[in-house]
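So, here come the structures, one by one.
Look at the two complexes coming up: chain A is in both, with chain B in one and chain C in the other.
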Partner chain A sequence: MIANSKIIAGIEIGTSKTAVLVGEIVNGNSLNIIGFGESHSRGVIKGGIFDFKQASDAAHAAIHTAEKQAGAHIEGVYLAQTGAHIEGFYNEASVTVSASDNLVSSQDIRRVCESAKAKSLPGGRTVIHHIRRPFRLDGRMVADPEYLEGGKLEVGYWTVHGDLNKLSDSIHIVNGFSLHVDDLILSSLASGVMVAGDDEMRNGVLVIDVGCGSTDFVLYRDGYVVRTGTVPVGGDHITNDLSLGLRIRRDQAEALKLRCGKTMLDSADKGKKIWLNGDLAIGDRELSQHALNQIAHARVEELFGLVKKKLGELLSPQKVAAGVILTGGSARFPGMAEAAEEVLGIQAQVGENPAWVTEQLKGLEYSTVLGLLNYGLKNENENRSGGRKRRAGGLFRKMTQIFDKG
Partner chain B sequence: MNDDGVSKEGKSTVDPGAGDNPGQSAPAGKVRIKLFGIGGAGMNAASRLATENLGEVDLIAVNTDTQALTACGLEKRFLVGETVTRGLSAGGDPEMGRRVAETAASGFDNWMRGADVVFLVTGLGGGTGGPVTCAAAEAASRTGALTVTFAVLPFSFEGTRRQKQAEESLAALRKSCDAVIPLPNDILLQQMGENAPVLEVFRESDDWIARGVRSIWSLLTHSGQINLDLGDLRQVFRQKGGKTLYGLGTADEEGGVDAAFKDLLMCPLLHTPEFASRADHLLVHVSAGPGFAMCDFQETVQRIGERFGRDGHLAMGVVLDGQFSGRVEICVLGTTEIDRGRLDSGRRQSRKQASPARESGQALLSGAGAARGDGAESKKEAAAALKARQREFGFDEDERRGFFDRSESNVYEGEDLDVPTYLRRGIRISP
Partner chain C sequence: MSAKGTKKKKAGSSWRGIRQSARQVKVSRFAKQRYLKLVCRTVAVAVLLAALGGAAWGAFRLIEEGSKKITSIIPSSPVEIIEVVTDGVIPEEWVLNRIDLPDEIPLMEVDIHAIKNDIERHRQVRRAVVSRRLPNKLQIQMEERMPMMRLAARDTEGRRANLLVAEDGMVYQGVGYNRSFLASLPYISGVQLRREGGGFRRLEGMEPVAELLGLARSEAPDTYSSWKEVSCRDLPLIRIRSDEISEIVFRNEDFSEQLKRLQSLVLYQRREMSGIHYDRVDLSLGRDADVPVSAH
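Right after this comes the complex of A and B.
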């Protein structure tokens, strides 16, 4: 490989699939995707690993494929995290600007940041992200307060933390393949940057990533993350509900969901019949499309209701002017955007991965793993320039795509 | 027994037909069956059964409320907790329920005497049903009778407090009964027509109870073409502490046993999150009219075994009965998850320090462990056994098992999010 490059991988050990994307970062500022591997996850439920061995075997198969395709050794891994154990809290701090001329110094900034992050966690928990909100200098929002004049400097952090044991389970899986985890990234943060643009993040946007086992969301405003969260409910729940409600096997329910799944009630579907297997073979029987819609709608309505509840006052059409963007593998069902709009009271749409993404990775279930590489790029870039000054905003557009199916 | 119907120590009985001593022993060779309808819901179901012409079943109404007891129309009545409630309703107060249960214990001992099989029918969630039924179940197990409990569970929309009480009672009942069959109102509601009033569901649960009792009764009292008896029933429910699998399927004679099997597959009680499991022991009982043709029967039983049971532990019986003319009914009874539950909790224990909430579950489950003679051994062992089991069954099991069974609970503001939303919201689905 060229001297000035680093090979990184984004790995998402999800409930339905484990996806691995290998990227080459050139000169710290551009990224080529050079390998992709995917396997059916096992031993993962509701976003959490419950059978280490099975989850590990599935992940290793995907890593192996991706590395082989990339033809290079992975040097660092960005690992997605989700699950019910992940929680967050918001904490603020303020300092009086120390210099007599009231100019904010880098020490002031460090002091305020450290004290805002100082809140201690209960035992067995560890921080995944400290997400900084914009600085406020005498109440005025500023991106970078250094050398500005003011009396009181404030900052807040949305701190995301998780169960140490659960986090280390997934790290151990990656370590088990003799790879080093560079960073843990919240799934919602990864998929958020893929489907929401800078303008939307400035105006206020809520990205909801409806996965197979869990749903992750992230709310942006003024270009910053305001809140993240996880609801341990996803497409698996729709399948399970259908299986119980229509009294069909789970595998039949899954296939039926993919073939006929609809999440809104539709009066045109009353009395409409659908075939269970659709193969006209013995054992096939007719089911009501309306019943399917009812079951899926109840679940999805509740899911968005939970997101709404968790966001509380942060959610309003004014504060989230750019609306709601849905992504994740379960966002594809007809009626998802309508259901979200109905419950959240904010206009909603199903998102898209950026235009440069190849056909193979266009599916919304890949938003997260694509976003992981984006984080990796940003991280490498910051490491190189060595300063917090350089913002990674424009860098992502330099991402190039020379990914061919090898 | 006291004919005046009032005595101290909670032994108070209102029993006009007391000439028939509850302690009287059964004639040799006959199975003596007693059914206790406990509380309002239980009494209703028992009254309903009184019209079913089940010979040789003693029906006994149990309540704290004198007025309700008199109104129920059953001859044998047991007034409980008179010293606590003064013959009034307990008003759903769990503390009062516990006190009533304490005073009723010795009275139940008297009533249980001589019974081989005891049915307890009750509604849980209200506070009295649970503790009193537990007291009855303990009394029954002291006499060595086989105890089968039908417990109606409240609607989710009745609130989390009632749900929680019902669940606690259910767990306690599983400890002392041989079989506990929960009938969740949420699920029975799904059986109703789209425009039927919600309260109709109570009639539905009475119906399920009646069919279940009738099925077990007919198995015990009729000598069938292929006979099953008390011994077989005992064999199925040999270990306490597991969950009971219970399903019914019917068809008319024309459709035959095959159609009844298809109906059984659609039985709502087998399509609840916790009953997607396979049974460790299984009993299949077919009731049919005298004209029933026995061909195809063997094959159907085999298919039932494949669908619900593990290998080897399957007992089956056929009774031809004039009352079933023109109909075929299949009843399956079984036990599931006796060891799995224990292992699961072992795994959780090994991961984390025991939380108080889990300790109760652990205590309950260790009962099952002790019964198997391997007690509460090391957590590591249990975890290792679970691992082995998971490898053994792999993911093929998921098709049949409750999918979220093995995952951690998913409770948000008192609601279990893994339970289908439509069930919790009482949305009726007509498949």
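Right after this comes the complex of A and C.
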């Protein structure tokens, strides 16, 4: 039997880097990672694009590298979305079961879902995800209410929406490389599935993806997404604060952060001196470790404080029994987990990508892009099992792919 | 993934309403390179498909044209020439009368199998081949039987009929033979004619008789010319009555040797025994011959 494969790509256009992973989905149920490309982002601030050409140059370079390494033509793209413009709201609806025997029908389910998603958005906003919460039938939680008996059916949706123009910009960057965006995925949703397991999602877990320009979070409970959000603070802000606070250049601040940075205050560090460049060359000078820690700690404290404020009463040790998992490139910063625990009041840990991921992609900065491919695999699987037609394909596309081989 | 239940709203309120194909500005070097590559590849595949399609169409047309040519070359023109070819004596007029084709009949409408069967029903014709010669010619080729004896019989109405017997024993009424040829043939006797269909049943056991007569005609024509009757009553002995000898008896073996002995006897009689007439020459006795004689 001839295997039916589709080449997809996960693309994350971040503030510091653009990462592209190319995967081959075979028969809709297995994924082979066949290409990887990365480039330094330009023209992107806090997840938003402010210079289309520069952002395109960087993104296209990464896609080109990944596609070349894969030796195959990308057929569809799953694009990560982040940025301060992304917001969400929760809306619930309920219907009375229409059948005389009180058995829930598919029409009842459709009616309640459409009502829950019907809330209109302000102008210039567009929906990215409608994330459904579990159904409630006469107050009891059910996964699928069809054929169950009850009087009142309720459901709630967490709707994620973003600025239409900003979403269009990121999509058009991909389109500029003659690629079609199959789906937009919230960065936190993509990275969340990579670092949190099913048990943790059932017990309640908060995944915080600390990026360079912004931080995304997702809260799971009972195996469902309860809340997502973005705060416009990331590792880049720590670098910026160090640069201003210690009166050093930005590149020096970045190097210093990576070499000696700590986000927790430690009394042992009082009076400890560190060298700015560490090469003892002209211009190298001593700085206070304690001062560095204080600056970083203040910014991280602010970051987790913002997350805590956004989550409000949803955040408690009882509701988030599995704790907090940190991911993203800036999660590697020493003391981040301790700082999160201190601010959020819940045990925290730095996450890990799954064991099957190759060494090159073990870094937490690749959680999102790995999650995009994972989402693509599930999406293709659902399409095949649901009998949905593929957007494109057919003989002509297959024939053009012949020229990609070798 | 844990975005379980993620649903997409219909285009317009969802991000899917963003038109992706409308904005494909190739701003980067890599995008331009890829676009060119895609265009070249698409053109190459289109050309390849067009070539394959053209070849398939050409092949289809060729087959279709070919079949049209075959059918269009055959016009339904009437038969204008009927050519009769035979290795015997049957005249063309007899054939034309027998097949009796309607005027202006298209060549393709002529039933050549029926004509063949009809001609072969006359037993003088051993085999007939009827063929169309496009555009307007019908050709009839015949292979005839050669008569070796004649037979006088009466038909069912009591009329006298002169029949001929061919080498294979077939009995038929001859067409086209000249009288002198027919007069040179000996009569056959001692056989029983049986009717079959519109004619007579083939006579069995005529092969040695045909061999003897053929050999005599070619090797001893003088002797043969005097033979008047061949009796097949006592086959395999063949009894012949000639002008000079009342009965010559041949046995069914080595006719050449028997003919030589007969010739020697006839020569001896003519040279040495003037006035003496052989009543009977029995050549079936081997090297000896029983030759009773009588004086005139």
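As a working rule, the second predicted complex is superposed on the first by the 383 of 406 C-alpha atoms of A that agree within 3 Å, B and C clash if a C-alpha of one lies under 4 Å from a C-alpha of the other, contacts with A are read in each partner's own complex, and residues count from 1 in each chain.
The working rule: a residue touches a chain if its C-beta (ideal position, glycine included) is under 8 Å from a C-beta of that chain, and two chains touch if they have at least 3 such contacts.
Source: prediction; values computed, not measured.
Visitor: With everything superposed onto chain A, say whether chain B and chain C fit together or clash.
Guide: The answer is fit.
Visitor: Which partner does A:250 contact after superposing on A: first (chain B), second (chain C), both, neither?
Guide: first
Visitor: Could you tell me if A:273 is touching chain B, chain C, both of them or neither one (first, second, both, neither)?
Guide: A:273 contacts neither chain B nor chain C.
Visitor: Between chain B and chain C, whom does A:152 touch in the aligned arrangement: first, second, both, or neither?
Guide: A:152 sits against neither chain B nor chain C.
Visitor: Given the touch rule stated above, what does A:288 touch, chain B (first), chain C (second), both, or neither?
Guide: Only chain B is touched by A:288; chain C is not.
Visitor: By residue count, is chain A touched more by chain B or by chain C?
Guide: C
Visitor: For A:110, decide between first (touching chain B), second (touching chain C), both and neither.
Guide: neither
Visitor: Would you sort A:42 into first (chain B), second (chain C), both or neither based on which partner it touches?
Guide: Touch partner of A:42: chain B, not chain C.
Visitor: Chain B to chain C: minimum CA distance in the overlay, Å?
Guide: Superposed model gives a least chain B-chain C C-alpha distance of 14 Å.
Visitor: For chain A, what residues appear in both contact lists, the one with chain B and the one with chain C?
Guide: Touching chain B in the first complex and chain C in the second, residues 53 of chain A appear in both lists.
Visitor: Quick check on the complex: what are the chain A residues that touch chain B?
Guide: That would be residues 42, 45-46, 48, 50-51, 53-54, 84, 165, 231-233, 236-237, 239-241, 243-247, 249-251, 287-288, 291, 294-295, 298-299, 301-302, 306 of chain A.
Visitor: So in the complex, the part of chain B that touches chain A is made up of which residues?
Guide: It comes out as residues 190, 265-266, 268, 271-273, 276, 351, 387, 390-391, 395, 398-400, 403-404, 406-408, 410, 412, 417-418, 420-423, 425, 427, 429-431.
Visitor: So in the complex, which bits of chain A are touching chain C?
Guide: For this pair, the touching residues of chain A are 52-53, 56-57, 59-61, 63-64, 67, 113, 117, 121, 126-133, 157, 162, 164, 167-168, 171-172, 175-178, 180-181, 184-186, 189-190, 192-193, 196, 201, 218, 220, 223-225, 371, 374-375, 378, 396, 399-400, 403.
Visitor: Contact residues on chain C for chain A in the complex?
Guide: Those in contact with chain A are residues 1-9, 13-15, 17-18, 20-21, 23-31, 33-35, 38, 41-42, 44-45, 48-49.
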